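Each of the next two complexes has chain A plus one other chain: chain B in the first, chain C in the second.
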Partner chain A sequence: MIRKETLLSWPMIAFMVLFFISPLLLLAGISLRGEDGSWGLGNFAAFLSDPFARGVLTGTLALGAKVTCFVSLAALPLVMLYWHAGKRLRGLILICTLLPMLTANVVRTFAWVVLLGRNGPISQTLLGLGLTERPFSLLFSETGLIIALVQIELPLLLLPVFAVLNRADRKTLEAAEVLGAGRWRAWFSAIFPQIIPAVLAGWVLVFASATTSYVTQSVIGGARLIYLPQFVYREVGVLFQWPMAAAISILLLASTGVIMLGLTMLARHERLQGHA
Partner chain B sequence: MLETRSKISTALYWGFVWGCGLAVLAFMIGPILLALLMSFNSGTTLRFPPEGFSLRWYEMLFDPIASEPIHTAAKNSIEVALSTVAVVTLITAPAAWALARAPKRFAGSVEPVLLAPLVLPSLVYALAALLALSLLGLGPSFLAVLIGHAAVFAPLMFRTVLGLAQRMNPALEEASATLGASRARTFLRISLPGILPGIFAGAFLVFMQSIDNVSVTLFLGDPGRTMLPLRLFAMLEESLDGRVAAVSGVLILAAALLLVTLQRFGGRDAR
Partner chain C sequence: MVKDAGFDLTVAPSLAQDQIARLMASPGQPPYDALLVSPGQSDILIQEGLIEKIDPTRLKNWDKLSPAAQNAWGPYVTIEVNGIAYNPEVVDKPAGYKALFEDPQCEGNLALIGFGSNTATMAYTEINKAYGGTYDNMQPVFDLLEAYLPKIGAIATSGSNQMTMYQQGEIAVFMASTGNVAKLRELGMPCEFAHPETGSPSVPVAIHLVKGASNPDGVYAYMDAAIDAAAQTQLAEPPTAMIPTNVDVPYSEVVSQFVTPEQVANAVYPDWQAINKHRAEWTETFDRLVVR
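The block that comes next holds the complex of A and B.
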C-alpha cells in the first residue's frame, strides 16, 4: 500500500528532473566547451585570468558578505526585542517582518529609489539639518545598494530565528538571571546559543539572495556597479557567449555553494547541536 | 559601586533592546509605508515630502486608454500566474501527501531534489532553461515561462503541503478505511481537508512569486508579450511616474491580503 502511494510523487519528481535538473546539467556541460569546440576548463581559466572579471567575482562575494554582516547587526536588537515581547508585540513584529518579504520586488526597489534619490527624505533631512551643503543621491552607489539589500533581506534571517524563539523556553533565561548573571550575560549565555543554528541557516539565505539579486543590483546599483548576475546577463544578452556565461554561472553557484555548504555544515556541527 | 554599574548595564540593555529594536522595525517597514504614501501624492514628480493628497495616480493607472500597456502586461502576468498555480497544485499536492507517507529513506533522498529550486538563484536557472530551449530549437514562449515558473516555485507549495501532511494523524485515514469508506471517500473526507490549508497558502505564495519574478520571465518570455514586472521595471528606469507608486499601492494591498490569508490558513498550524 505504501509503495502504491509513492506513485503519486512520481509526476512531480519527473517534472523537476526533466525541467529543473536537466537544464542545469546542460548548463554545466556547456560551460566546459571551448570556443574551438574542444572540451575542458578553458572558460573558467579565461574568466579567472581576466583581472576585471576576477574583480567582479570578488566584488560580488564581498557584497554578499557585507550585506550578511549588516543584516546580522540589524537583526540582533530586534531578535532580543522579540524574545522579551509579549504575545501582541510578537504578532506585530511578525507582521512587520512578513509584509516586506511578501511585497513585490518592484515595490521594495521603487521605495528605495525614492528614499535614496536626490529629492528623497535621506538627502533632504541631512540638508535640512545642515549636515550637507548640497542634496546628494545614494543611488548608483554601493552604500545605497547595501542599505536597500539589508532591508530587503532582513526577514530571511529573522524568520528562522523567530521560529526557534517561539519554541524556546523562557525558564532558561529566568534561571540564568536568578543565578546572578546580568541581563546581557543572561541573554548571550542562555538564549544566544539556542539560535545559532537558525542564524547560520538565515545567513545561507541572505548571502545567496544578496549575491544574486539581479534586479535590485541593477536598478539601485546602476550600470557602473557590475556584479556577477549582470556580467552573466551581458555575456548572453549582448555578446551571445553561451559557454562563457555558463561557466560564470557555474562559478557563481560554486562560490556561493561552497560558502553555503560550509555554513550548513557548521550549523550541523555536533557542539552547536548540543546547545540547541 | 557594583550596584550602580549593574543598574547602568541593565538600563543600557533595555535601551538597546527597545531603542534599537524599534528602530530596526521602523527601518524594515518604513520603505513599504513610504511607497504607499507616495502613491497618494498629488505632485507631478515623486518628490519627498509629497505635495498633497490625491488619487490621480490611481485614476490614471485604472484608465483603460492611458495605461493600456500596463493593463495588458498585468493580464499576461495574471494568466501565467494562474496557470502556474494550476500546474503546481496538480503535481505538488499529491507528491507532498505521498512523501509524507513514504518510507523515510525514500522521502529523505527525494526531498532535497524537490526543494533545490529554493536555494538556487533563479537567474542561473533561467539561463539554463533558455539554453535547453535553444538547443531544442524552440524560442521563448508562454509555455516556456509557465514551465519555468512551475519548476522554480513548486517547492513553495510542496513545503506548505508537506508540513501539514506530516502532522496529520495517519490513524484517521486508517480508521476511515477500516470503517468501510472507499479510498476516494477517505481521500475527499479526511486527507484533502487536512492538506487544503497548505494548498491555499502555497497557491497564494506561488501566485505572488510568479507575478513578481523577473529573471525567468525575462529570459523565457516572448518579448512581444510584456509581463507586469518587466513593464514596471522599465517604468522605474525610464520615467519614474506616479503610476509606479500606484501599482506599488495595489501590490502592497495584495501582499497584506496574502499575509492575512496565510495567517488564517497556514499560521494556525505553524504556531
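The block that comes next holds the complex of A and C.
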C-alpha cells in the first residue's frame, strides 16, 4: 500500500524507472549479446582478457583518482580562505566558484586549449621569465589534461564544502582554542570533521565527472591518451560494435560505481555523521 | 528551394559514422530521412539495408549531373578532394605524402588522426601503397607510423580537433580536404593545399534516401535542390567551397585555387569495399600503436 507521505516522490521515481533504470537494463541486455547472436558474458570476457583494454580501464580510474587528489589540494586553501572570510568576501568566492559553471564544459575545455598551447599564456609566461628555453605545449599530455580537469571539476568539491561551512558552528572552534588547542589543531579537530561528509560527497562528484568527461579527455588528451568514454565512442561510432560498447559502459559504470558507493558509505558512517 | 517545394528542412550536423550508428540504433524508426555521406559509409548503409535506391525520374535536375554523379543510390552532390594542408609561414609546400614522414621540416609540425576519419584512412592507404603495401597488407604504414611517433606533432581525435590545433599554432601540417583548407582560410588562417605525389584521394558525397523515411517526397525535393545549378553555384563559394557536380556550374575562383576539373578526373578513388573489410582491424591496430 502506498503511504500518503510518499505520494510526492512517485512522479520522480516513475521518471527514474522510465528514463534511467529501463535504459540501463536495456544496455545490460545488449551487453550480453555476442557477435553471432548468442547470449552470454563473452563481451565482458573479451574486454577483461585484453591487456590493452584493461590498461584503458585502470588508466581511466587512475585519472579519476589523480584529478580528485589534485582538486582536493587546490580546494584546501580556498576552503580555509572561505572559512576566515567575511560575508562580502565569501560572496565573492562563491561567485568566482560558480562563474565557470555557468559556461558549458565544452567552452571551458576549449578555453584550456588556448591556455595550454605552445602559444598560450602558460608557455609564454615561463618563456618570458627565462624558465624554459623554447615554447612548449601541455596539450595532448596527461599533465595538461589533469590541469584542465582540476579547474573544471573544482566547483564540484567546493560547493558542498562551502554549504557545510556556512552552517558550521564557530563556537566549537572557540571551545577547542579555550581548551588549549593551537589554531591549526583547533581547526582540524573542530571544523574539519564537520566538512568530511561534504568532502566525500564532493569526491564522488569529482571522480565520476573526471572519469566520464569525454569532451575534455578527447580534446585535451588527444588520441594518444585513451580513456573508457573514448573507447565506448570508438566501438559505437567507428566499429559499430554496440554490444561491446554496452559491455564497456557497464564496466565503466560498475567500476566507478563501486568507488562512489564506497565513498558514499564512508560519508554515511556514523562516526563521520556524528560530526556533521 | 526545399521550402519553395513545400517542405521544411531540418539539418542535423553529425559525423558520417555517427549518423550510421544512430540509424543502426533505431531500426525501423530512422532518426533521419536523408543522409549525406561518402562511399565508405554508403557501402555500409547498403550492406545493412538502411538506404534504398532512388527513382531518378523524380529529380528534374538529374540530367544536369555529370554522368559520374548519377548514382543509383542517390545523387552525388559534391566531390571531396583530399591532400595535405600546410601553413606556408611555418613549412614549405610538402612534396607529397612521403615527405610528411621523410622531410625534416614536418617533424613536430605534423598531426595525424586515426582510421575513424575518411580523409586519414584514404591517406594511410595511399601512403601504404607508396611504401609497397596493399589493402590486404597495411603493415608498411604501421611500421612507418611506429618509427615516426617520437617526431609527431600531435595525434588528434578528429578532423575538427586537428583544425583547432592548427588555429592555435600547435601544428602546421595535416591530412585534409580542400574544404578544410577553405574553412581555415575563411577564418583568416594562412593555409595552403598540396596535392600528394600519388594523386589526390577523392570521394564523391551522396545524398541517400533512408529506408522507412517519414517524408520521401521531402527527400527528393532536398536532393533536387542540392544538385540545382543555383545551389551548387552558391555552395562553390567560401566557406563551403564545394566542387560542383552539376555540369552547368563552373568551378568557383576559390575551388579553382585548389583543384582543376582535370585533377578531379584523374584523382584517386579508393576501393571502399576493401577498406571497409579491414577498417575495424586497422582502427584497433592504430589505437594500440599510438596510445602511450
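Simple rule for what comes next: the second predicted complex is superposed on the first by the 258 of 276 C-alpha atoms of A that agree within 3 Å, B and C clash if a C-alpha of one lies under 4 Å from a C-alpha of the other, contacts with A are read in each partner's own complex, and residues count from 1 in each chain.
To be clear about the criterion, a contact is a pair of C-beta atoms (placed from the backbone, for glycine too) under 8 Å apart; a residue touches a chain by one contact, two chains touch by 3 or more.
Quantities reported herein were computed from a predicted structural model and do not represent experimental measurements.
Check chain A with both chain B and chain C modelled on it and let me know: fit or clash.
The answer is clash.
Contact-wise, after the overlay, does A:Leu252 reach chain B, chain C, both or neither (first, second, both, neither)?
After superposing on A, A:Leu252 lies in contact with chain B but is clear of chain C.
When the two structures are overlaid on chain A, which partner does A:Pro229 contact: first (chain B), second (chain C), both, or neither?
Touch status of A:Pro229: first partner only.
Of the partners chain B and chain C, which touch A:Trp184 in the superposed model: first, second, both, neither?
So A:Trp184 only meets chain B here.
Per the contact definition in the header, classify A:Ala74: touching chain B only (first), chain C only (second), both, or neither.
first
Looking at the overlay, what does A:Thr97 touch: chain B (first), chain C (second), both, or neither?
Touch status of A:Thr97: first partner only.
Determine, under the contact definition given at the top, whether A:Val107 touches first (chain B), second (chain C), both, or neither.
Touch status of A:Val107: first partner only.
Applying the document's definition of touch, where does A:Gln124 land relative to chain B and chain C: first, second, both, or neither?
The first partner, chain B, only.
Touching A:Leu24, do we find chain B (first), chain C (second), both, or neither?
Only chain B is touched by A:Leu24; chain C is not.
Between 6-14, 114-122, 132-140 or 186-194, which run of chain B pushes into chain C after the superposition?
Residues of chain B that clash with chain C lie in 132-140.
Under the contact rule defined above, give the chain A residues that sit at the interface with chain B and also at the interface with chain C.
110, 113-114, 119-120, 219, 236, 242
Within their complex, state which residues of chain A touch chain B.
Chain A reaches chain B through residues 2, 5-13, 15-17, 19-24, 26-27, 30, 74-78, 80-82, 84, 93, 95-100, 102-115, 119-121, 124, 151, 154-155, 166, 182-184, 187, 204-205, 208, 211-212, 214-215, 219, 229, 232-233, 236, 242, 245-246, 249, 252-253, 256, 260.
Show me the residue ranges of chain A that touch chain C in the complex, using the header's touch definition.
My answer: residues 52, 55-56, 110, 113-114, 117-120, 137, 139-140, 218-219, 222-226, 230, 234, 236-242.
Okay, in this complex, where on chain B does chain A touch?
6, 9-10, 13-14, 16-25, 27-29, 31-32, 34-35, 38, 45-49, 90-92, 94-95, 97-99, 101-103, 106, 110, 113-114, 116-117, 119-125, 127-132, 135, 147-148, 150-152, 154, 158, 208, 211-212, 214-215, 229, 232-233, 236-237, 240, 244-245, 247-248, 251-252, 254-256, 258-259, 262, 271
Touching chain A in the complex: which residues of chain C?
15, 17-18, 20-21, 24-25, 44, 113-116, 154-158, 161, 164-165, 168-170, 279-280, 283, 287-288, 290-292
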